[in-house]
Structures are given as structure tokens and as C-alpha cells.
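Shared between the two complexes below is chain A, which pairs with chain B and chain C, respectively.
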Partner chain A sequence: MTVFLVLVMLFAGAYLVAVLEGWTSTGRLRFAGPFWAAVALLGRESIVPRKPDRVLYETAPVLLLVSAVLAAAVLPLGPHLVIADLATGALAVNAALAYVMVALVMAGWGPDGAYAMVAGWRFLGQLVAYSMLIVMPITAVAMRAGSLVTTTIVESQAGIWNALTQPLGFVLFFLAAMAVCFLPPFDLPTAPGELAGGIEAEYAGPRLAVVRLARMVLVVSLSLAVTVFFLGGWLGPFLPGWAWTSLKTLVVAATMLTAGRYVPRLRGEHVMEWGWKLGIPLALVNIFWVGITLVLRSM
Partner chain B sequence: MAQAFFTGFFGLAAIWFGVVVFRTSSMVRSALALLFSQAAIGAMFLAMQTEFLGVLQIMMMATEMAIMAIFMVMYMMDPGGLGGMDMTHQKRLSIAAGIFGGAAAVAVSLLGGWGTVGPSTMPEAQVAALGEELLGRSMLVFETAGITILTAMIAATAVAIERRR
Partner chain C sequence: MITGARKGETSWLRRLAARASSKELAAFVVPGPEVARAFGLDLGAAGLRVVPSPRHASVLVVVGGLPEGLRDAASVIYAQMMRPRAVLVLGSDTASPLPGPDVSAPMDQESLSAAVARLRRAFAEGAWDPGVEDYAPEAAATETRYTCPMHPEVVQKEPGACPKCGMDLVPREVSSGESDGEEEEEEEAGELHHGSMDHGEHGSGGHEHMDHTDMGFMSMVEMTRDLQPSGDGLRMEWVEVPFGPLFPGLPGGLALTFTLDGDTVACVQSGSAVGRGGGCLQGVPVDDLLEHLGRIDPLSPVAYRVLALRAVENAAGVEPARATAYLGALEHERVVSHLGWLSSFGYLIGYEWLHRRAAGLQLALLRDDTGEGETLWGDLSDLLQRLRGATLLRRRLEGVGRLRTARAAEYPGPVSRAAGLPYDVRSEEKAYQDLGFEPAVQEGNDAYSRLMLHLDEMERSQEIVQAVGSVSAPDDLGVQDGISGEGDATVETPRGPARLRVRIEDGMVRSAELETPSGRHAQLVEDVALEHEVADALAGVASLDLSPWGMTR
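After this line comes the complex of A and B, so read on.
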């Protein structure tokens, strides 16, 4: 039952994110937009490139969707509304997100097309830049909770949200989350206007529909991760827990989608440079800061 | 029973993907097959109720194998395997080493005294115990290993960079 509920909410979230993305990119709020887009994609012929690496080509969209769903599976929507409340939940999120990169490298290599391949390897480079900024802020969050269990992490924020006690970690994680779902300005693997869609370039019809859906689910999963780790998850007055989680997740997703529209696309080497020369030292400062506050509080 | 089934299933999957590594002539396929072989070992850890090790294995291998794939594509002459390149070499020696290694592993598993299997501790307790081990008794060992690897990485990069005037 919990699995069903969480999946329904995840895909409902993906639908709303698709509406939001349409709104931010075209300026028109159309609630039927995602439905028509899906009908159009499912009705179209799914052209396969001439000499694809068939296994990788067919696996990639499904793997992308599965890893996005698995990341959400360990994140709680409410106190008891979580598919798998693992003892290593905060680590399992990272494990699932690592396969986003694997899926994109497969989608890049599989179709035997130049644009797609460049896009796939680009995302691998992007992962090298952002992955530490996913892991290190989560480390600081787990330090405060004294646990890797995601529900315990939410409960540890009952007094004050992590976003307020660890603003540095919050900002770094937020930006890294945008890089994971390759949203602008980190949209190097799709790069509209430059790579003709990149990893999406060689997919068409139902296969492209799966890729698009997977990306929307990924945006929801990452927004949920920001909510759970930094914005107090289900905690809030009056409304039930799941409503607070959904509301916060949608606000985070909307912020992610809107923020990127006002910044030009970053170049790969700049993402790498800022990630390693600025991001990682700041993430270390964040861990040090959280450590100091924890020691001071325990005295 | 279910535990034995899943451990065996993922074990066989790990072996199968290991075989695929050498049956393909594409570098990327080979690297990804190795990744899924290692991920299957991670799933074995999960089936054997060592949650932290399982999740860590599944996470680490994704990045490592992808990095390996990019290096292979960079340095190999025929990364796509379109030229019918052979992935194997020194066949006789490899077959002999493989048979000897496999026989040794089977012998150890059959002849070794495994003792009685105790009940596994709760995953939370495992994580806590592992954390105390890493930040307590074994800290110096891990820090030394970490610094050594970092030094090797920096040295390798420094050697590889083109010298600019």
C-alpha cells in the first residue's frame, strides 16, 4: 500500500513538475500540456539509429527511471510513508543517484551518434564536479541527526531546519541537486541549441517519452531529497505530514526550474573548477562548522 | 531459504557479467558489464544482511567503472569494438590461472571451517559499529591509505600534464 501511495505521489509530482517546466520555459500555464506531449510521443514512430549498441540503447531510459524511483524509495513523505526506511538511507540516495550517470553514459554511447556521445561523456565530467557536493552536505546533515536513517534526519529538524543551521551545506546541495537532474544552467548533457538534444537526440517516440518521464521523476526525487535533508520534511503545523512534504517539494522544484532560466549555461570546465576549487572547500567548512556547533551544544 | 536463493542468484549474476566482460569486444560494454558484476556483488551483500557494505559497494562501483570506461575509450585504438578487436591475450596462462584460482576458491569454501552462523546484528548497530571502528582503532590505517592514494593521484596527474613554458 505504501509503495503504491508513494509511486502515485511521485508520478503526480512528475506531472506537476512537467507543467511547471512548461510554464517557466514558454510562459503559459497549461495543465493539459504534459498529457498532449505524452500522447504525441507515444503515437509517434520510435526510430532506432542505424547501428546502435542495442543493449545499452534500450537499457538506458529504463535505468534512468529506475534510479530516480529508487532514490525516492528511501525518502519519507510522512512519518510512516516511506517505501524502505533503511538504516543507511542517506547513503542509499547517493547509491541510486550514481546510476543516473551510468544511464546517461549508456544513452550517450548506445545510439552511435556523435552528439549523444559527447553529451554522455559530458555528464560523466559533470558528475566528477558535483558528486562530492552531494555527499559532503549529506554528511553534515547525518552528523546533526546522529544517524543515516532518513526519518531520523527529518525528526532531528523538529527544533530548527537544517537549511537554517547549515546554510552553506543547503546552498551547495541545492546547486548539486540541480546538476544531478541536468537542469539549466547545468544542462550540458541535453544542451538545447548546441547538441540538438544531446542524450535525447537519438531517441524518439515511446523511448523518448520514458527518458522525459525519468527526468521529471528525477527532478521530483532531488527536490524531495532537498526537502527531507534541509527543509524539515513532513514537519509543519495544521496540514498533515504528506501535504507539507509535497508542498515543500513542489516549491523546491519550482525554484530549481525558475532559477536556471536567468543564468547562461555553464561550461564543463567551469563547473569542474568551481566544484573543486570553491565547492569542496566550502563543504569542508560546513562539516567543520556543524562539528563545532555539535560539540558546543553537547558541553 | 529466500536468503540463500537471492545470494545464489546475485552470485550467478556476478559471474555471468564477469564472463560478459571478456565476451564483448566493445570497451564500454566491457566496463559496464564489470560494473554490473560488481553491483551484483553489492546485491549479494544486501541479501546477506550487511546493508552498509552492500549500499557502499553499489554506490562506489558506478563511479569507478564509468571513470574506467572513459580512460579505456581515451587510450584504446578501437573503443567501439567495431574492428573485431580481441579482448583476451596470453590465453593459456589465463586459462590455467583461472582454473587454479577457481579451484582454490571452491576448496577454501568447502574445506574451511566456517563455524556456526550467528544471528546478524541490526543494520543500525552495524553502521554505528563500523563508524566507531573507522574513527577509532583503524583511523590511522585508513588515513595512511587515503593519503597514499591521494599522493599517487597527484603524482600521476603531475607526470601526465604537459609542461608549459
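After this line comes the complex of A and C, so read on.
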């Protein structure tokens, strides 16, 4: 039952995020927009490129969807509303997200097209830049909670949200989450102007619908992760827990979708350079800072 | 019914899908969105969403007729689009060799909106059709050749063994008529594919494929053993990838091909698919010269009209009395053209806000006959101010597309002014001197300084337009019939100085020589692209603000 509820909420969230995306890109708020877009895609031809690596080409969109859903599986929507409350939940998020890169490299290689291939490898570089910035802020969050269990992490924020006690970790995780979802300005693997859609360029019809759905679910999963790790998850007055989680997640998702419109796409080398030379030292400072506050409090 | 309907009987589910596709019209624009904007057309407002990949498009929009050089590319793009698909032609009735058109309309916003409404009905009613025909463009037809995996120079019409190493030859497709089986250049990625499916093939229109699959498994070491190491010491398979003539990030008609070594540009080929042929003005009556020149470049028609006027006035020995009258029009066009470039450039570098804002202002200024000018100029100032303070924009573009100063000096226009060289044709003209004109100059000689220079120029042009007041463009030559003489004139177009030398006899153009800025700047493409990462190379090329229409074909 929980599995069903969480999945329904996940896909409902993806739908709402698609509505928001339509709103930011066209300026019109159309609640039926994603429905018609999906039906239109399902009704179109979906032709396989000429000499694809068929297995990689067909698997990639599904793998992307699966990894996004897996990441959400360990994230709680409410105190008891979580698919798998693992003892290593916080790390499982990271493990599931590793397959995002695999899926995108497969989507890049599979169609046997140059634009897609360059795009796929670009994302491999992007993973090198962002992956430490996903793990290290989670480490600091787990230090405060004294646990890797995601529900415990939410409960540890009952007094004050992690976003306030660890602002540095929050900002780094937020940016890294945008990079995982390859949202602008980290949209190097889709880059419409540079690579004509990159990894998406060769998918059409129902297959493209799966890619788009997976991307939306990924945005929701990462927004949920930001909510759970930094914004106190289901905690909040008056409303039921799941409502707070949903509300916070949607706000995070909307911020992620709009923020990138106001800056140009980053250069690949800058993403790497800033990720390692700036991001990782800052993430270490964050861990050090959380360590000091924990020691001081226990004295 | 639409010509690009899917094959099949209609059912209720298909009717639902047809209705959905009529609501979600995604457009691929030929020659490009920048041409649509230059004609004052707002595709977004009409309900068409412009998409970068033909695979995601359902409508092929042809703006202003299909230039001859784009016919093959457009037909391959259309073949790559998924059914149901349709063709919308604006400003012309036909778009041969494309089928249809399903809807055609004149080039104004109202007709465009009406045409989109007609398209929606056509999609809703005729997205499926049992009797639909296949579309197999000639440009995408291929033949099979046999080649050796180790010796790509060995190409035969029949299967067999390689004369050099004895390995079995593997089949490979080349576009028909491309090769006679003799020694052939490495064409691997330049080939056009056509397969058993009726469409969805890839071609020179935009997307290319590499071709490893016939070779079976080979380790990286085997594959790259005989290759020359690149500048970075790595041995990689090179791939020839077209970025044009119909590429979403570059002006339509710019035929650019990069040979990629990884994601670094190892070789550059560039040209124009829509450029001028030679001698196109010969034998034209003088009265038509204005129209002829005005049609040369849809991205800056006014500048070329003024050029024609001045050359004829010079030939007729008339004092250029009306020179000041067209200053406003010239400078207005410079602002509009620069905004168009800004919008396209914003799209290329993934700066969504800039892309939309600049396009919106460009369209508003083009239609500015409602007296909103003042608020528009205010919006323009806001845009300029915001871009000048954009730190990430500077980080993105600094050092990209850098030229040697000596090299830039050979190319007068915005490119050389962005290299700190203040040469500008306008500063020699009295009318400009009277207004206290001084050319804008930027240091840096890279994509960022070119962007900043465009901003400065817009600001100065805006001041001139406000000072002069009138923005009317020349619509007739106003010279007597049957004139003879030789004329020579130069006009600073938005992309740099254009020069026209004409010899007129009895009211007919006997010879004409037109030098365009983009024709010259095209030679800089290699300088800004070679040995750069592909995104930087593209940004470098786009920063030159080339107009493929002004280049030679």
C-alpha cells in the first residue's frame, strides 16, 4: 500500500513539475498541458536510428526512470510513508543516482549519433564534478542525525532545519542536485543550441515520452532529497506530514526549474574546475563546521 | 488530412492522439528562427513551439520560400521528422521538393496565426490516413560500397577481399552519386543514410552517425593503433559532424562541418548554402536595383537598400542629399539586427532569459509604429545594463573565439572594433560627424568583447535614432531614367562595411561588384574554431555574427 501511495505521489509530483516547466517556458499555466503533450508523443512514430546499439538505446530511458524511482524509494514522504526505510538510506540515494550517469552514457552511445555521443560523455564529466558534492553534504547531514536512516535525519531537524544549520552544505547539495537532473545551467548533455538536444535528440514518440517522464521523476526525486535532508521533510504545523513534504518538494522543484533560465550554460571545464577546486573544499569546511558544532554541543 | 499523416485507419484512441498532436505543434524552422524574427514573425505567439531536433518536430516551417541551396537539407530534415507531420510555408506557395505544403500563408503575424489554426484542424482531422504515401527524398538515397575496416581508402562496388591486407571487405552506405568506387576521401560520417523504413534517416540536414557496427568488436587499442595522435597526445577516432546548414544554434544556411577529435574540433569546413551566386546583379534595370539588393540579406535589408541608393546616386553624380534621412533607418536596423543576434547567441549558449528577452524586444522594435518607442528604449537600456553586469556570462565567454589582433585588423566591422581598433565607415561620414558620432570600441578580441561591443553599438544607435527621429527606409531611387556612370559606395551594415561598385549604362547595370562583411568574416571561422572544445568553437563562430546570406556560396 505504501509503495503504491508513494509511487502515485511521485508521478503526481512529476506531472505538477511538468506543468510548472510548461509555465516557465511558455508563460501559460495549463494544467492539461503535460497530458496532451504525453498523448501527442504516444501517438507519434518512434523510429529507431539506423545503426543503434539496440540494447543500450532501448534500456537507457527505462534505466533513467528506474534510478530516479529507486532514489525516491528510500526518501520518506511522512513518518511512515516510505517504501524502504533502510539503515543506510542516505547512502542508497547516492547509489541509485549513480545509474543516472550510466543511463545517460548509454543514451548517448546507443543511437550511434555524434551529437548524442558527445552529450553522453559530457555527462560522465559532469558526474565527476557533482558526485562528491552529493555525498559530502549528505555526510554532514548524517553526522548531525547520528544516523543514515532517512526518517531519523528528518526527525533530527525538529528543532531547526539543516538548511539553516548547514547553509553551505545546503547550497552545494542544491546545485549538485540540479547537475544530477541536468537542468540549466548544467544542461550540458541536452544543450539544445550546441548539440540539438544531445542525448534526447535521437529519441522520439513513446521513447521520448519515457525520457521526459524519467527526467521529471528525477527532478521530483532530487527535490524530495533536498526536502528530506535539508528542509525538515514532513515537519511543519497544521498540515499533515505528506502535505508538507509535497509542498516543500514542489517549491524546491520550481526553484530548480527556473533558476537556470537566468544564467548561461556553464562550460564543461568550469563545472569540473569549480566542482573540485571550489566545491569539495567548501564541502569539507561544511563537514568540519558540523563536527565542531556537534562537539561543542556534547561538551 | 495532412500529407505527412501516419498510415492507418482512425480509431477513437487515434482521434485522441490526433487531437493531442494538434494542440502540441512543435516546429523546426527553415532557414532558421532568426529569419522568421527578421520578418517580424513571432512563432511562439502564434502557437508554434520551436524545437532543436527534427525528431521532436511535427511541423516544418519554411519562411520566405525555400532557397535552392537548402532544398536537399530541408528534405532530409523533413524525412527525419516523425509522422504525423506537416509543412507550413510562409511567403510562398510551394516548397519543392518538400511535399504539400499543407498550409501556406503570407508573411505577417495575423496570417501566421490563422495558418496555425488551419494546421491544428488539419492535424486533428487527418493525422491518420490509410492511403498515405512514403516520402523518400533523393538527397537521402544511398548506395552500398564495400570497404576494408583497416584501410578506409579501399572502396569497391562489389564484396571481396582487401588488396592490401586480405581482410573481407564490409558493406557501407554512401549517398548515391557521391562515389564511383574509385579512391575516395574518408566519407564515413558525411554519408547520408537511407534504409528500409520510409523515413527517419539522418543526413546533412543536421544529424550524423558514426559507423562502427559493421566492424564487429575491436578493442580501443586496435581501433586507434594506426591513427595519428592529436595535439593532446591521445589517439582518437575522428568523426566528421555537420553543424549546419540547418543547425538550431547557428544562423540557418551556414554550412559548418567540424571534424571532432573527442569533443575538440580538429578540422573545420565552412560555407554558405544560401549565399549569393556571382554576377547576380548584372543586367538588372537600375530601378530594380534597390529591390534586388534589399532581398540579398533578410537579416539586414535596409542597409543594402541604402547601399544601392548611394551607389546609384554616386554613379549619377547626384549629391547624396538624402543621406541623413536614412540614418535613423540604418541605426534602427542595427539595433534590431544586433538584438536578433543576441537572441540567437543566447540560445546557443543556453541563456534562456536572454534568448527570449532579446527576441521579444527585436519583434517589438520591428513593429514599433504604435508610439511605444520610449518604453521600448527603456527596456533596451535595462537589458544592456543587466548583461554588462552578468558575471557568469563573462566567465562563459572570456577567452572564447580569441583572434590575434593583427588578424582581426584585416576584417573591419564589429570584429575589429571588439579588438580595440576604432575603424568605422560611419566616422568618415559628415552626417554622423554632425551628430558627434564616435565608434564604439572594446578590448579583448574574444566572444565576450564582441558581445559587449554589440551592446555599446546598440546604445549609440539608439541615441542616433532618438536624435534623428525618422526611421523610414528608402523605397525608391529617385534618379532620372537612363542614367549612365560608375558608382562606388560603402555602408556600415550591422555586420561591418559593405561596398558596392556598379557600372550603369542607359539605366541598366552592366557590372556590379558587391563586397559584404560576412563574405570576409567567413575566413575567420577556422581561426575561432580550430583546436577548441565544440561548445566554445560554436560560440566563437556565432560571436562573429555571420550572415550566411552575405557569404558567397
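In this section, the second predicted complex is superposed on the first by the 299 of 299 C-alpha atoms of A that agree within 3 Å, B and C clash if a C-alpha of one lies under 4 Å from a C-alpha of the other, contacts with A are read in each partner's own complex, and residues count from 1 in each chain.
FYI, a contact is a pair of C-beta atoms (placed from the backbone, for glycine too) under 8 Å apart; a residue touches a chain by one contact, two chains touch by 3 or more.
As the structure is a prediction and not an experimental result, all values here were calculated from the model.
Once the two complexes are laid over each other on the shared chain, residue contacts for A:M101 go to chain B alone; chain C is not touched. Set against each other, chain B and chain C differ in how many residues of chain A they touch, and the higher count belongs to C.
Applying the stated contact rule after C-alpha superposition, one finds that A:L86 touches chain B and leaves chain C untouched. Within the superposed three-chain model, A:V149 lies in touch with chain B and out of touch with chain C [touch as defined at top].
In the overlay built on the shared chain, the residue A:L63 is in contact with neither chain B nor chain C.
When both complexes are overlaid on chain A, the residue A:V219 reaches neither chain B nor chain C.
With both structures placed on the common chain, the touch criterion links A:P192 to chain C but leaves chain B unconnected. When the shared chain is aligned, no partner comes close enough to touch A:A129: not chain B, not chain C.
By the document's definition of touching, both partners, chain B and chain C, reach A:W121. Comparing the two interfaces of chain A, the one with chain B and the one with chain C have residues 53, 112, 121 in common. Against chain A, in their complex, chain B makes its touches with residues 26, 28-29, 32, 35, 51-52, 55-56, 58-59, 62-63, 65-67, 69-70, 73, 80, 122-124, 126-127. For chain A in complex with chain C, the residues that touch the partner chain are 25-26, 35-40, 42-47, 49-51, 53, 112-115, 117-118, 121-122, 184-185, 187, 191-194, 196-197, 200-205, 208, 260-270. Residues 53, 55-56, 86-88, 91-92, 94-95, 98-99, 101-102, 105-106, 109, 112, 121, 124, 127-128, 131, 147-149 of chain A are the ones that touch chain B when the two sit in their complex.
By the touch criterion given at the top, residues 6, 14, 16-21, 23-24, 44, 49, 51-53, 55-56, 58, 82-84, 127, 189, 193, 195, 197, 199-202, 206-213, 239, 241, 247-249, 260, 262-263, 346-354, 390, 392-393, 395-397, 533-536, 538 of chain C touch chain A in their complex.
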